[in-house]
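Multiple structures follow.
Each of the next two complexes has subunit A plus one more chain, namely subunit B in the first and subunit C in the second.
Showing the complex of A and B:
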């Protein structure tokens, strides 16, 4: 029916953009110092939002909306990563980290007029902590060991935990803990695809949406409860934010450069020079979580031997990947954790590119170089497979470069397209995908548990997760460390566990960290004060236009 | 005449059934399903029991034959079921996405028809030989251009460089200019080519010579005698171009970020949203059948020869 397959079309579009490089009209920048109130900001997103139940806010298009329409109990200062007051004026934490008491700022209301009080907060966290199967709400990955809430008075709420929950305070500041009105919690997960049904207390309100193409956010005139530490207080400066979905990279960038848009998300590294050359602003806030990595599924016998995994780790030249495909906004990884994450340990010595060591490790593991230049053992060739991850920047190109590097060792890596119909199912089967790309952002050590723990994202595919295809692989030592991180009371001990987990994952070569993934945005010169929360979600609360 | 119509209606039902069945079988053969794709996201942290429950809700745990019979029966009653991806009734999705695609496609067909006539006209009547040749070669060039390339070039040049129309937050009519052109150009090309060759062929026929001999100008002969006759093959080709139109809409709607059936089709293929996909296939097949039925009937009205042959055969 179609002349070309759709994925091919997208790829060719990108190529044709690179070839064309038409000079676009430039809009005039008026640099002034005093913020101006009013105006509409046109924000181009790459993908439409899905369901806006706050714990599903990790998906960037969702967080771009939720960060404008919801407030959080606490505010994580993106510069210091300290937890500061927001909707909670102050809080007390019990010594065993099993009770958290929050005192709510008086006078805060949701946009439907209902009060944001202790009872509303309690309802939110009951839902985030326990989930609600009747409404298809899943428990939030940032709320661990939750037991129950207790409303002490109209403005005081206490949360009880079954075990210590050291990550909870930071967990109240993340995008997935946006507070919504009880009316929103009474809806089902599927209904929350309609942003206008998501009632928050944020500086903007979702006014209308055309599903899949457009969402209009309007300022809340009576907003008076932004984080106290911010220089700007009161209502947001913009009157309106129009979020428009433009799938094609070339159209988003062209629209920005020709003055038809103000802010765009998702700029690929090869497009960055075009933006800077035109005098536009580039932002590359870090995601501070687990670095963009390639992980192994040791349940697959081909990669069950730690020597094979270590050989592939040392056979990967991350410097070449970063230099070839990315820009200075993508620092080379020196651990599985981002260098801007809490508890980060520099492990670059253990991650060195060393093809000779790699070759000898493979020899040692019994994978001998055959006459065709490919490694073999008992008649089996060392052939691995990975699916490209669509949301990760230039992931297919990165995997293909890794495949070339591994080919020099005599190891074959087949890279399959991420939009293949079989991708989702095969990615849960270690026999079919011994290798997989993986990353996740969150500015708290709990992020390590989110990534590797079987009941969470389970990127290594251990037994006990959602996949039914795993035979036997479980690493109790790793899981013990992860459980410790999620429940250790003593902050110093907790960071020690974080360090141990990083070393352990690298020593076992479960993951090959490649680069620290930023979120790259661009804005027109007349747009000022676009802010980002701790893991790179945009906030337009203080943003203003000088044109 | 009635026999012909009945015969064609029978064929139409057969085509619809085949389209429904084939699309059902093809989607079943793909690994995985919509429930897996949507709910096995580790972010959702679902247990296998949760997924089994959802699967039971959508009926996708039943044997294939049972699903087929159930789906076919629902379709007959006009019930297209629920979209797994968005959780709303498929009808709602169709109601939202069909009108913009119909507007886009309808306008594109009109523009394409007008373009084809203008092109054929200019190529036939142009006073210069080189211009006639150049115009005559244009359709072949236009056919070779991929839709997405035309779209992206139009956006880059007309909107970003010249600033004539806005593609970001445009007005209701401004919004349609570039997409309609994008879709119309590749459809106009085959129409113009068929029209051109058809004009050439008919101009050589005896009745045209007679008309000219009676003193009619070439232009008048073209209008009064040639065009009507030359339109028949164009109409037949036009009916077949609907497929091109559907395929073009997928790409056009994606490039311009518009809502429409094409983009919905792309999304439902990607997420294996069978219910939506089947509704789109059946609606497209219905459109195809209706358009070709209309083309046949109009041909019969336009050309008495077809009527006589068909009646003789029937």
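Showing the complex of A and C:
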């Protein structure tokens, strides 16, 4: 407690002294490596969290908070991707994958003192699975075909599904299934931007929040229910995590290198060399989901023709993008799915860069080269627009490079930076944004459905999703495949559907996958055991600082 | 008052045509303006490299022989981008000042010349406009008009309408009471004709000098809005946008922010210096 009252300058001074003393001690610290309890970790985030209702926690700044303050029923081992016990000690799954029974670990409590029992878990998943329009809770994208919950005894809960739900077990391990106290579920969506109102059972508790600037997480002394497989048990080693929002990349890195910060998120590829050169740690956990892509909105007549989309796919030189802007931590995409994802198939042959094919496809589709070097059809030029996506690494530069490549075909891509407000509104309107950058991380094939299904993220903007601006575009074949992935019982058949969906999306050229997106973090040499869950969200449960 | 207004044209004329050399401090200012103007008119004369298409593999190179000011993250030559960007900056400033000057002059002229209730109402409206911070006003206008270089120029122009209107109104008020204006009315001139022939020409000189200073301010505003991402969309080499894009690379590639920033500073200082010297000459 006294630690927090240290003035910032004094702390900074201490930290920089520590850094100055480092070169002599670094090797020793790494070798001896006995975890030390105590201390405050300063974690610099690029953006403030927006919403901490767990199913809305996919956004990395949100999940960076949720991962510290909530626990999940199960733990997905990031190395093996196996599902292991956490709050659920064990579980049974019916053969038709329509009933999941979880046995809850005894003695777990939320930070407000209420017990984390079967009834609390049931309330959580009723809310995640069905949504709650009164509170503005939308259904979670990881809980498919949910019907109802049944509390069998105080520590046993059973979930019933209308259709088989093969992704559910993995779904209980993801950030969007963080368990919160019934008191939190009784609040409305709009209130849950305040982290202190989100009561979880995690190793840290949100102690105070200065919205948009700072969030202080304090350790829970009585925490004793971390995942069983972890080497560390009991309370978290750190006393406190201070999450500070620092928008500028250069300031975050400067703060880290000068010893004012311990861990920073979002290191751009061009900054990686100076971090490693200074002897700091770089982490690039993969996100294992849908690769960083550019997607089309076929409802827009300009990209309604599959030949136009295929032309743009073949006109995009992803190797050039990766070589120009990124590093070895960003492998070139060879499918819409990450190569480290379950069910991945290598489609690099279909994604080849082929400007001649692209040009002939455009000719075939009736877009002729005009005298000014731009493609035209019936007097309209092929001019597309996309908003940059701020959370994605170097997205503006990547989109500009794509614009350059498309310009060689005679296609114009306008890249709008804009503010988050207009971008959010316009991104729901296919007429305004025929093209959009998109990615999502999750280590289960359900992620394909999450990304493309109209009722979920709906990146293609099909009719029937959140957007009111869509006239007619619906792809029933794609949706059928996606529904199949979300409900197929037989794992082999499910993976076959995953493969088919990948091929279909690429054949239809709905998306141009560019690279496999990692989450890149860096930490000071005195920070140890920063862990990451399966899709690259940091966990500070085991993290410690050598003094 | 009256005698000053009568003498003023004579005085300024004699001063303006005096063979005195411009003050030494103005030489670099004029040089900067001439160079930037030349860049804006014929950018291809000064650089052979593309401002929008980069060379893959040549990204983030430090200033050197091939690229005097280095290259950006897409391998685009920074000097080429600054040279091509001059056109956007100057054109934007011209449109912005043009809008402010024309609309402001019209409002100020009518208010000053008609007087009475019209004057009171119009000038209170102008006061309201002045009360709103310029950046806030231009941001709101851009949200209404949409993003783009022309919209930004218009928005910046609208925010300067109020200052132009105030200035020209005060000029018109003094000229309006001058004997020769009374005489023009007396000899049967219509209201509009007297305004056009006598009031406007005699009120406009200091406004024109003010416009020169205002264009420096407009360049700053346009760069600010470009920096915030409301102006020309990438890959347009707009200076403010270039500063914003280079900011991320500050720790590794300092040249990306420094040189566009210096360009903005040099042009704004030069325009200000020249504008002030004109204002002094007119006073």
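Note that the second predicted complex is superposed on the first by the 512 of 547 C-alpha atoms of A that agree within 3 Å, B and C clash if a C-alpha of one lies under 4 Å from a C-alpha of the other, contacts with A are read in each partner's own complex, and residues count from 1 in each chain.
The rule is simple: contacts are C-beta pairs under 8 Å (C-beta built on N, C-alpha and C of every residue); 3 or more make two chains touch, one makes a residue touch a chain.
Quick caveat, the model's predicted, so the values are computed rather than measured.
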item: First, second, both or neither for A:254, with subunit B first and subunit C second; value: both
item: Which superposed partner A:187 touches (first subunit B, second subunit C, both, neither); value: neither
item: Partner chain in contact with A:103 - subunit B first, subunit C second, else both or neither; value: neither
item: Contacts of A:58 with subunit B and subunit C, given as first, second, both or neither; value: first
item: Subunit B versus subunit C as contact partner of A:245, first or second or both or neither; value: first
item: Touched partner set for A:422, first subunit B, second subunit C, both or neither; value: both
item: Touched partner set for A:394, first subunit B, second subunit C, both or neither; value: second
item: Subunit B versus subunit C as contact partner of A:455, first or second or both or neither; value: first
item: Partner with the higher number of touched subunit A residues, subunit C or subunit B; value: B
item: First (subunit B), second (subunit C), both or neither touched by A:138; value: first
item: Subunit A positions touched by subunit B in one structure and by subunit C in the second; value: 248, 250, 254, 419, 422
item: Partner subunit A, residues of subunit C touching it in the complex; value: 52-54, 56-57, 59-60, 73-75, 143, 147, 228-230, 233-235, 241, 244-245, 247-253
item: Subunit B-facing residues of subunit A, complex; value: 1-4, 6, 9, 12-13, 16-17, 20, 22-25, 42, 44, 56, 58-59, 133, 138-139, 141, 189-191, 193, 210-213, 242, 244-248, 250-251, 254-255, 257-258, 260-261, 419, 421-422, 424-426, 428, 455-459, 465-466, 468
item: Subunit A partner contacts - residues on subunit B that touch it in the complex; value: 30-32, 36-37, 40, 42-48, 50-51, 86-88, 96, 146-149, 152-153, 155-157, 159-161, 163, 166-169, 243, 246-247, 250-251, 254-259, 263, 266, 270, 272
item: Residues of subunit A touching subunit C in the complex; value: 248-250, 253-254, 268, 270-271, 274, 320, 323-325, 394, 396-397, 399-401, 403-404, 407, 414-419, 422
